[in-house]
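One structure below.
Chain naming follows the written order as A, B, C, D and E, and within any one chain the residues start at number 1.
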Amino acid sequence: MDDALIPEGAKRCGFPTFMIGIVIVGAVLLWGVYAMFLCWFKGLNQTNMNDYYGFALWIWADLAVIAVGGGAFFTGLLKYIFKVDELKNIINFAVIIGFICYSSALLILAIDIGQPLRGWFIFWHANVHSMLTEVAFCLSCYFAVLTIEFIPNILENRQANKVPFFHHLAHNMHGVMAVFAATGAFLSFFHQGSLGGVAGVMFGRPFAYREGLLIWPWTFFLFTWSAAAFGPCFTLLVTKITEIITGKKLVGDKTVHLLAKISGWMITTYIIAKIIDTIYWAWVTVPSMGFKLSHFYSNNGFYGYWILITEVILCGVVPGLLLINKSTRENPATRTIAIILGVIGVCLNRWVMVLQIMAVPVMSFDTWALYIPSWQEVATTILPVAYGIILIAVAYRYLPVFPQELELNKSADAAAQN
Amino acid sequence: MIENKKAHKFGMVIDLDKCTGCGACMVSCMAENNVPFKEDESNKKDSITWMRVYRLTNGKSFPETQIAYIPRPCQHCGGIGDHGHSPCVSVCPATATDYGYDTGIVSQIYTRCFGCRYCMGACPYHARYFNWWDPKWPEGMENYLSPNVSPRMRGVVEKCSFCYHRYQLAREQAIVEDREIEEMEYQTACTTACPAGAIVFGDLNNPAHKVHQIVKPDPHPDPLNHKVVGKSRNPKVFRLLERLGTNTKVYYMSDREWVRKAGDNYLKGEWENVKTHHGASSSHG
Amino acid sequence: MKIDRRSFLGLGLGAAAGIALSPVGVKLTDDSSIWTQNWPWTPVPEDGEITYDRSVCSLCPGACGISVRKINGRPVKIEGLDDYPINNGGACLHGISGLQYLYDPARIKTPLKKTGNKFEKISWDEAIALVAQTLGKIRESGTPESLGLITGADSGSMAQLFARFMDAFGSPNTYTMPSLESNLALTAAALHGADRRLGFDLDHSDFILSFGAALIEGWGAPVACIQANASRCERKAKLVQVDYRLSNTANTADKIIAVKPGTEADLALGLCAVLLTKAQISTGRLFGDVNKFAFATMVVKEYTPAKVEAITGVKAADIEALAMEFIKAKAPVAVPGKGRGDVGQSLREFAAVQTLNALAGRLNKEGGVFVMGPADYLNFPENVMDEVAEKGAGKDQLAGSVNELVDTLEKNGGLSALFIYNANPCYVLSNPEKVKAAMDKVGFKVSFSSFMDETALRSDVILPASIFLERLEDVVSGAGLAKTVVGLCRPMVKPVFDTKHPGDALILLAQAMGHSIAQSFAWESYDSCLGEVAEKIWENLSGDGYVVIDDRPPAGTPATDFSFLASGPKAAEVMGEGDYTLVPVDKMRLAGGSMASSPFAVKTVSDKVISGKYSVVEINPATAGALKDGDVAVLKTAMGTAKVKIGFNEGIMPGVIGMPRGLGHAFNNPYVAGKGVNVNDLIGPVIEPGSGLDAAFGVKATLSKA
Amino acid sequence: MSEIENNANDGPGDGAHQCTNNGPKDDKGLGLGVVFFMGAFLICFLSGWLLFPKLLYSKKEQPFNFDHNLHAEETGDCETCHFLREDGTFSGIPGLVACMECHTDEPMGETDDEAVFVEEYVAQGKEVPWLIYAKQPDCVFFSHAAHTGADGMDCKTCHGHIGESSSSRPYEENRITGYSRDIWGKNIWGIKKNSWDRMKMDDCAQCHLDKMGHKGYCFQCHK
Amino acid sequence: MFPFCFEWAWDIGHAIFFGGFWYAISILGAGMTYCVLKAAYDTVNDKGGSHH
C-alpha cells in the first residue's frame, strides 16, 4: 500500500501491522496530549507540584531526555569535526533520537510554564544572567540545528528524492553539514552546561550549589560531559531495541563497538570528575554553609546514600569499566547491561539535580518535602516516549536511516527467499 | 532629583520574644495585598501567605518545651556582597523580578512573570508562591480588593513586596509637600498590624531609624565569611541562613540562644565560635 | 482551467507569505500575551480617592478601635486605630479580616421564614408582622413569660434594648451566653455583691499569676492583653503560668507550673492556705469580710501543701515558694479563666483565684484587680409596662443559666417562643445535639443573626442583622479589662444586603405589637434612640469616637464574702472513661465563640491544627502508644466519637490530649465550615451546682487507630 | 534527467522549484499556481496591513461629546479638573460632584451634549462612564505627582493636544487585550513621531533613561 | 534579544551572550541560505541526480 515510500530494497512489515502498532502507541500519545491540554487550559493545578516542588517530574524528564539526547551532538561532533567516518552508520539514527529528545524537551517546557502564551518573554525580555535563559536560547537554536541535520535524511525518502530540488538540497546540506555540526556542538556545550548551571548557581540551596570557573559552576561542565558520555549509550540502547523489534541487524558491530568504546572512556573520565566534585562538595562547599553530608541523605523516607552510590558507582563506574574493557564491550550481554546502567545513571543524576534539591530542607526548622506526581504529570511525561516511538517507526519505515541495513541483512533476506 | 539622594535600604527587625504567633501580620498582609484564598488551605505547600509564621520548638518535653514563632516575609536578599545578586533575581529568565538599588527591595512583576518557578527553587526561605489556581473570591467579596496592589492571575509567582505600594503612596504625599518621607510614613502592613509591636521597619541606611539603631548593621564584610555583609553588631540579632550569603534585610532578635542558633545551620562546635563573634567586627563601627 | 495540487500549494504559500509579511503575527503574539495579563476573570479593583474612617470592632468583647481604609467610599482594609485607649493601633487577625464578614457566603441576605424544612424569602414587613402576630397571641394567652431570649452580650444599649423589650413584653426569661465577662460578673456577685465587674490591671502588675488564662490567645480583650504582655516583657514583670500544656501564653511566661487539668482551683486554694499560714496574713486584717474565719479554717486544714501536691501534681515546696513569691511581689495579680475563660469554667476556680487576690490585698490596687461598678452611661426612659407585662415579668426564671435552660427545655419544655441575638448556642454550648433538641421544644424561634449559622438554621423566622461595619452602636469594653471605654461603632458602608440594624428590627417589632410595648419603643429608629439614651456622653462619643468612663482603680477596698468557698464546694468531675483527658484548646487564630472564623483566619491556621477535613489533636509522644504523628485516629468520649489526626506535641502534659476549639462548623461557608470537629460535641456539660456554669474543662477519652 | 521531465508532467512538485524551470509546455499549470500564489499573497498581505488593524480595534463613542477646548478656556488650565489630591494621588477624570461645582441642574448651554449630561446623568445622579484614552492596565503605577509636580512636566508630553480638542474622538479598544489604542499607538507597528503618540513601557523607559540616566527599577512603575 | 527590547543593555554580559547567539543564528542562516540557493542553482543547471 505504501510500498512507493519505503526505501528501495528494504523489507518492512505489512502496512496493517504497522498501523496497528501506531494506533496502540498513538492511544498512549493521545492520553498524554489530553493531559497536556488539561495543563494548558486548566493550569498547573492539574499537577501535584507545589510551592516546595516548583520543578517536578517532567522537568526531570526534560533534563533526562536532553542528557540522553546528547548522543546526537556528540556523535555529530565525532563524525563531522573529528572525522570518525565509521560513525556514518549510526549518525542518522543519532540525529533522529536527538530530534525526538529535543522536540520533547521543548514541548515539556511549553507545558511546564504557568503562562504558556508569555513563553516568548524568555527570549524577548531575556535576563542574560539566568542559566534558564541560556538554556532556552541554546536549546531552541540547537533544535534548529537538529532539524537541519534531520532534513537531508527526510529528503532521501524515495519519493522526495525524486524531486530534483530536494535531491540537490539534501546533497548540499550534506556538503556543509560540518558547519552545522560545529554550531550544534557549540550550542550543545552551552545548553547542556547551563542545564547543569541551573542547579549549580542556586546558592540558597546548599545541596545544589557548586563553586566553579568564572560564572560557571562545576555542574555546568559535568552536565556537558555526562551528556556526551551517556548520550551515545542511549543511542546504542535505542538502536538495540529497534533491532530487537525489527528483528534485523541495523548497525554493524564495528560501529557499535567504536561508539561504545568512546562512550566508555567518556563515562570513565566523567565519573572521575564527578567523584572529585562530590568529594570537594561534601568536604569543602557544604561544610562552609554549615551542613554535613548526612543532612542530605537522612531523616526522610526516600533519599538515602543509596541514591548517591547507585548513581556514581553502580551506574557510573561500572558501565564505564565495562565499556572500556574490550572483552566486556564486545560481549553483547555485558555491553547491553553497561549501556542500560549508563542511561539509568545519567537519568538518576538529573533526578537528583532536579528533585532531591527541592526535597532537602535548608532552614534549620524546615522539613523534608516529598512529592508524588499526578496522573496528568505522568501522562505528559510519557507523551514524548510515545511520540518518539511513532517517529522512529515512521522514520525507520520510510527513510534510509541505516546505511548498512541492506548489506547486513542480505544473507537473511536471501535465506528467507529460499 | 529623587534618584540622586542616598539610596534607602529598607529592612525589618522582628523581636521573636515579643511575637505571640497570633497571625495578625499574616492576615494584615493578605488583606493589604489582595492575597487570594481557597477552600482548603491546610496544605501549607500550596497556600499563598506572603508573610508566613513558622513555629519551632526546642524539642524538649513539657514543661521544658519552648516555642518560637518566626514570621517570614520575603527576606529581600541583597545577595553575596550585597550587590543585588539575590538568589531569585539572578535566576529569573525574563527579568520579572529585580533588585531596586534605590530601596533594596526585590520586586516581582506578575504581568512579566511567565511562571517558570525557577525563582521558587532558588529561594531557600520558601518566600515565593505560585498561583496554581485562578484567584477566586466568593460572590461580592472582590469588592474589598485594594486598587493599590494588582491582583494576580493564575500561573505566576508572587511574594511579599515590603508593601511597596505604601512607599509609592507615601512618596507621592512627600512629593506634593516637597519633602522627604518620614520613618513612620512608610511602614509595612504587617508592622502596623502587629499587636505585640514585635516588628520594626525602616531604612537600615538611616541611623535615625529605629531599625538601624537596633540592628546596627556592620558596613564591612564579616571577617569569618566575606560573602556576608550587613551583619548585625547587636549580639541578640541574627538573620536566617546568613552564611549562605543571601544577605537578607529581615533581621530577627531573641534573648534565647536556641532560637538564635536555629536561624542558621552549624556544624558541631561551630555555634560556640559564632555566638561570641558578633562583637568581633564592632571595632569597625 | 485545471485547479490542481499546485494551485492549492500556491494558495497556501501565498497566504502564509502574505500573513508573514504583515503585522498580524507579531501583533497577535504580543496581544495574546497581553490578554493573559488582563484576563477578564481576574478582578481589577476600582481606583479612587483614599479616605480613612474610624469605628469600633465588635466581633469580640475586646472592642478595639479600628481605622477603615476606603477607596471612593468602598472599604478595602481594616487596621487598628492609633491612640485608641484599648488597642493603641494594634489589631487582631479577626478584626483585620472584618471585611470578609461583610461579604461572607453565609450572610443572610433577606428576612427568612421557615416553611417545612426550607427557608423562604419574605419582606421585612411580612417578617415583622409575622413575629408580632405570633408574639401577640402569646401575650393574649396570658403567658408572656414563655418568651425567652438568649443573648451574647450583657452590656451596651442593644442589650438594654432587648432587656427592655422582654420587660415590656412581660418575661423574665433572659439568658446570657457564657463569656469571660459573665463568668467574672458571677464571681464578683458571689464574692463582692451584685452588679460588679472585675478588671485585671495587667498593664501595671509586676507579677502575673495566670491560672491557665490564655492571655495572648484571646483571653479578655485580646489586643489589649497582647500589648500588656509585650509591655510586661519590657518592664521585666514576671508571668507565671499554671497550665497543663504549653500554650503560647505559657511559652511567653517566665515560669510554668504544670498542673493536672481541672485542679487549678485546688492550687489557688493551696496558695491561699500558704498565705494564711506562712505569710501570716491575719484574718482580722480583712475588714468587713463575711465568713472569713470559716474559710480560713477550712482552707488551712483541707489545702495543706501536701494535700494540694497530691491533687495537682505540683510539689509542696513549689507551692510554698510560689505563694511567697506572689505575696512578696510589689504588684501581683492572679488571673482566672482557663483558655479564653468563656466556656468550661467553674465558679469555684474563679472564686479561689479571686480570693487569692483578696488575701494578698490586691483589690482595687494599681496592678491588681479592680472591682468595678457597671458602666453607667445610658439613661433609658422608664419602661411602659401593662398588667400582663407586670405579671409575667414578676415570675421566676425558668432556669439559672443558659446551660440549665437547655436542660429544662429538653426535659420539660417551657418556652413557646425564643429570641436569639448575638449567640450561637447550637454550636458553642457543650453537647450541641442536646441544645438542638431543646431548641426543637420551643415552638417559635426568632433569630437576629447576620449569618446562617448552626442556630439560625434551626430558627423559624430570621430578621437578619446588619454587621458591625454596617451599623451604629455603642460598644463597651469589658472582659477583664481594668478600664471602661465606650466606643462608637459606626456604619462604614451601607448594608450590603437587605438587612437591618437589630435595634431597628426590635423597634419595628415593638411598634407592630402596639399597646404599651409600642409606647416603650417610641423611637423613630435605633440611631435616634442611641442619641437619646446616651445623651450624657453623646457629644464626646460621636466626636472622639470613644469615651473613657474610668481607668483608675476604684476607691476603697470592697468587702469579700467567703461563704461560697467556706462551704467547701467540690470540684467538677471529669466525665467518662479512658486513658486520656481531652481538653479543648483555644487558639488565637480560630474564633471560638458564636462568631465563626474568617477565611483569612482559617488560612493562617497551621497544618498541626487542621489537616484537610480533620482536626488535629495534640498528644505528647510519650503517651501516644502505637499512634504515630499524622495518623488518622478515632477519638471516643462518653459524648461521642470523631475521626481526628494525631499531632505530636512535646508541649502538652503526658496523658492529656488537646483539641482545637472553633472547628467543625456546619453551615454554608466552604472556606470555614466542614473542617474538623466541634470539640463541644465530645464534651458533655457538667453543670456546677451553685453557679449553673458548665464546668466541664475536659472529658476522658480513648484514641485508637482508624 | 528524465526524472525531472516526468515529474513536471505528472504534476506534483514544488512550486518554487517549478518557477525556476518554466518551460513553455507546462506554463498553464505553473502559471495558475503563480496566480494563486500572487492572489493569496496579495489578499493576505493587504488584509494583514489594512483589514486586520481595523478588525483588531473596536470603536466606542463617548457617552456624549466633551469640549476640552471650551472647558480649558473657562478654567484656564488642566489642573482645575484633573488635579492632584492633597495626598498626592491623581484625581483622574472628574466625577459628577466635581462637574457640579460649575454646572447646575439647568443646562449651561444649548448643545445636545449638555442636555444629555443634565438629563441622563445629573438628574439621575449617575457618574458619566467616560472611556479613558490614556487608561493604563492594572499592573501600572503611575505617579502624576512625580511627573507633573516634582519634575514639572507638561501634560502634553504624554497626553498630546487633547486639551485643545473640541470634540471627543471615538475610543478604540483592542479586542484581545482590552487596551486603549492610545497605549500601543495609532501605527500598527507602534512607530511614533511625537512623544504622545504611544504610552508603552518603552516610552517611559526612554524618557527615564534620558532624564535620569536609568530606566528605573520594576517597582517604580509596577504594582 | 534585540537592541530595542526593554532589557537590552550595551554591556559585557549582553555582548557575550547575544554575541554568541547571533553568531550561531547567522551561521545557521547563512548555511541554510547557501544550501537552498545552491540547490536551486544545481536544479536549474541540471547537475543533480548524477552524483549518487
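Worth a mention:
Throughout what follows, a residue touches a chain if its C-beta (ideal position, glycine included) is under 8 Å from a C-beta of that chain, and two chains touch if they have at least 3 such contacts.
For clarity, every value in this text was computed on a predicted model and none was experimentally measured.
Contact tally for A-C versus B-C: the pair with more C-beta pairs in contact is B-C. The chain with its CA mean position farthest from that of chain D is C. Taking the CA centroid of chain B as reference, the farthest chain centroid is that of E. A comparison of C-alpha centroids places B closest to the centre of the full protein. Look at where the CA atoms of chain C average out and do the same for chain E: the two points lie 74 Å apart.
One inter-chain figure worth recording: chain A and chain E are separated by 26 Å, centre to centre, where each centre is the mean of the chain's CA atoms.
If each chain is reduced to the centroid of its CA atoms, chain D and chain E end up 36 Å from each other.
Chain C and chain D have centres, each the mean of its CA atoms, that are 56 Å apart. Residues of chain D in contact with at least two other chains: 3, 13-14, 16-17, 87, 89, 137-139. Touching of two or more other chains is recorded for residues 43, 95-96, 110-112, 134, 147, 151, 153, 155, 169 of chain B. Within chain E, contacts with two or more other chains are made by residues 6-7, 40, 43, 49. In the complex of the two chains, the chain B residues touching chain C come out as 17-18, 20-24, 26-28, 30-32, 34, 37-44, 47, 49, 53, 55, 57, 59-63, 65-67, 69, 110-111, 134-135, 137-147, 151-153, 155, 169, 189, 192-198. Note for the complex: chain D touches chain E at residues 1, 3, 16-17, 20-21, 201-202, 205, 215. Residues 11-15, 18, 28-30, 32-49, 52-53, 56, 85, 87, 89, 91-92, 137-139, 174, 176-179, 188-189 of chain D are the ones touching chain C in the complex. Contact residues of chain C toward chain D in the complex are 1-19, 21-24, 27-28, 31-32, 34-35, 37-38, 40, 44-45, 47, 49-50.
Note for the complex: chain E touches chain D at residues 4, 6, 40, 43-44, 46, 49.
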